[in-house]
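Letters A, B, C and D mark the chains in the order given here, with residues in each chain numbered from 1 onward.
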């Protein structure tokens, strides 16, 4: 009898209870927190009563660092923000500086930027799809089948990037005023050869997920995000479009020649996990469409307006404020630059889409089961390099 | 009879999932068994660095001009200059690979094409100190194949590409 | 003395077979995922991989966290592996190759194998870890709900054969295997397969060790040989499920041309591969959906099947 | 509401001059009317989408910039105010929920406090951290003891 009483005391101290709720701390090291997120869950049985994300484990002081580097030195650092979509980060930064300097880049550079940004979008969404499968406990695969399929396809594109820039993930590929190099001579033919493979793979995924009853059961009506809340939260990208608002910066504020390309904006209906997933899968197909158009219309010519810079202080931005936002794979990636006429930015604020998207999590996951929280988190697709900067 | 419909859909989705895995069961594995097979590296591979000597005269190309040290965003290059016979040399040259972000800016800005990236990526070390490449080790790295991106070539690479001539 | 010798042989045989079943699973999953699978230890196909794994787990440090309930924590792996291994006592592996051919074989198997639940709960509770406790709760929920359809599905062959003795059930299938009985056989087999998967905690029912939310469930605090026991128990259970399934529904060692033992092995292997295929192709279902599947679909269906089986044996 | 109309309305209501670019209004507001202007922008001008709020350290004062957008009409508004260090600013989080985390970030990195903020604590840095790294006075070159 005494032993049992002792045991009860022990467990009381171990399991922190509040009424009949259980406080569970998930992360920062946890299989499905997509990096280093900590979630403090308050559970009632299996049901989530309260959820609080704790972020900042990957904070590298990016904005402070930028204030102490020159405009040219920052370009390779931007790769490290959203490490799954490096090129779009570079593009956002480079376009901001070009906007502030009011320079135009050659047409071939514009086309190549669009081409690579869309390839990058596919890469990023493939990683999302694979990890979303893992979060669901393996949509198609006890943990990892879909994940490995997605990475198999991603590898093809990364090989292409490697041919182009010599690096697989951190490219340092855009420069202020164009691109750093021409693509290798056989780049376009290789890319053309891979497109049918990708197309077939996407068709497989779409069939597999959209028509899959189990996938539907796990994602439909889970984590419903209303469109008005999504707007007020500043959620963007597939999260906002999944809620049913056809807002895409590529269409709304065309940058880098996106007005020359034809594509559709896929939207969802309810704003649940299924819609967000659907939007992303359809977006990959639209990206393929843009790539095909870019390949068809690829002009000849130079890719940069100036030879590569040799000194770090070569670029000086006139004093003023510049804001530029582009449609990154995760949404509205904005760069707010305050310059004071020197070679270093006075303040460089990154409006990271993952940050705003992740803030939605506590609003939409209450009342769901623990397993659903992971599905919702996966469908928001945060990347912690970008959330924590 | 919604549960009947559900059950049918359930079975159908199981079958479609089985179909995909079945198809993939007969595809060839994409794995490259690393130490036995190695993947073909791209010509522009960025992996580690080398300091070059001029193949004709056998002299070091680096003149110790500090440009790469100044442009490095990660501050991993440290060098000292000395002047012998009215020509600059790098007396010491340290490159800390553990902090390097492989952005290639140092290669891009080198006016003498003295520092290049080499296509040799098996650079893991047990001790962190060994990742600091000094001048001697950088010179030794010349034995590996170079990446095609070299400071003076970047300008050419931005221009309109010429189709390969018949001789080459 | 003879019995002791045979049981030792049986135990060693089970462990060896199970070790190579894990190898088979890894190889199979690898090919399904465009990978190669184990290939380094024991070239060319990594045939020594299970032995290397076992050696690794044996020499690993056995960490016992301070806050654990030592008795429950230490006893749990033993209970689990005992419960799963004892099942083999009454499973016939050939025409008269059986340790004890019990008159109530089916009952014995069902009763003993559900004892593993107690071990799982002990492991979850004893670990004093929130994930483990959640997992143990889920395990109890799931196993209790799937026990009933499993028992009812197992009763169908019992009714059809008129005996609970496994050898006489096989004997009754010497002309037609039970799975070929129209409707009745297939539905009963399906119910058996689904509930056996749930009992064995395999995907799509592996919510007890759902790695995406509960990390590893009740095994989260175990290391070394204790973890190996829990992990082996899962595979032993799977082997038992495949064996029992092929005996109850697929006609056991009945079959033309080939020797009887080979037939049983072949059927067991096929069933095992089917389970692996399911594991590597499906998504995990949520707890409430699993329970709903059990109580709303499988339970009524299995009752109906039972009545159908009764009618069948009454008529023919 | 078109940009021109918005400009007139702001002139009429708040007596403020706007800087107009294509699809964008930039307003410099005094600190007192920050909250009322935000309310006007949210409910009357229907700028529903909250993009970001941030601060710029101008050494003797902080410049606060917030950007909101109307996604349907593709218009945006950047409103700016200037506050002295140690001054507080009324929160935007009651109008746009997205401001909750963004203002926490500003508080974390600049030390600016927001009135009536529901949950004002550090977000990116550890909770026992002292100092506000995005301030220009934050020492870079000397050893800094960050934790309490």
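Please note the rule applied: contacts are C-beta pairs under 8 Å (C-beta built on N, C-alpha and C of every residue); 3 or more make two chains touch, one makes a residue touch a chain.
Computed from a predicted structure; not experimentally measured.
Asks: Go through A-D and A-B and name the pair with more C-beta contacts between its chains.
Replies: Between A-D and A-B, the larger count of C-beta pairs in contact belongs to A-B.
Asks: Per-chain Cα mean versus the mean over all protein Cα atoms: which chain has them closest together?
Replies: A
Asks: Determine the centre-to-centre distance between chain A and chain B, using the mean Cα coordinates as centres, and give it in whole Å.
Replies: 25
Asks: Roughly how many whole angstrom separate the Cα centroids of chain A and chain C?
Replies: 42
Asks: In whole angstrom, how far does the Cα centroid of chain B sit from the Cα centroid of chain C?
Replies: 50
Asks: Which residues does chain B have that touch at least 2 chains other than itself?
Replies: 14, 17, 20-21, 24, 30
Asks: For chain A, give me the residues that contact two or more of the other chains.
Replies: Residues 140-141, 145, 149, 152, 212, 214-215 of chain A touch two or more partner chains.
Asks: Multi-chain contacts only, two chains or more: what residues does chain C have there?
Replies: If we look for residues of chain C contacting two or more partner chains, we find 32-35, 280-282.
Asks: On the basis of the stated criterion, which chains touch which? Give every pair.
Replies: Applying the touch rule to all chain pairs gives A-B, A-C, A-D, B-C.
Asks: Per the contact definition, I'd like the list of chain A residues that touch chain C in the complex.
Replies: Result: residues 7, 10-11, 14-15, 22, 24, 26, 30-32, 43, 46, 133-145, 148-149, 152, 212, 214-215, 217-218, 369-374 of chain A touch chain C.
Asks: Which positions of chain C touch chain A when the two form their complex?
Replies: Against chain A, the touching part of chain C is residues 29, 32-35, 67, 69, 128, 130-131, 133-134, 138, 203-204, 206-207, 210-215, 279-289.
Asks: Mind pulling up the chain B residues that touch chain C in the complex?
Replies: 3, 7, 14, 17-18, 20-22, 24-25, 27-31, 33
Asks: Chain A touches which residues of chain B in the complex?
Replies: 6, 9-10, 12-14, 16-17, 20-21, 24, 30, 42-46, 67, 70-73, 101-105, 108-109, 111, 117, 147, 149, 151, 154-155, 157-161, 163-164
Asks: Report the residues of chain A in contact with chain D in the complex, numbered from low to high.
Replies: Checking each residue of chain A against chain D gives 55-56, 59, 61, 63-64, 68, 228-229, 231-235, 245, 247, 252-253, 321, 323, 325, 332, 334, 336, 338, 346-347, 349, 351, 355-356, 359, 363, 388-389.
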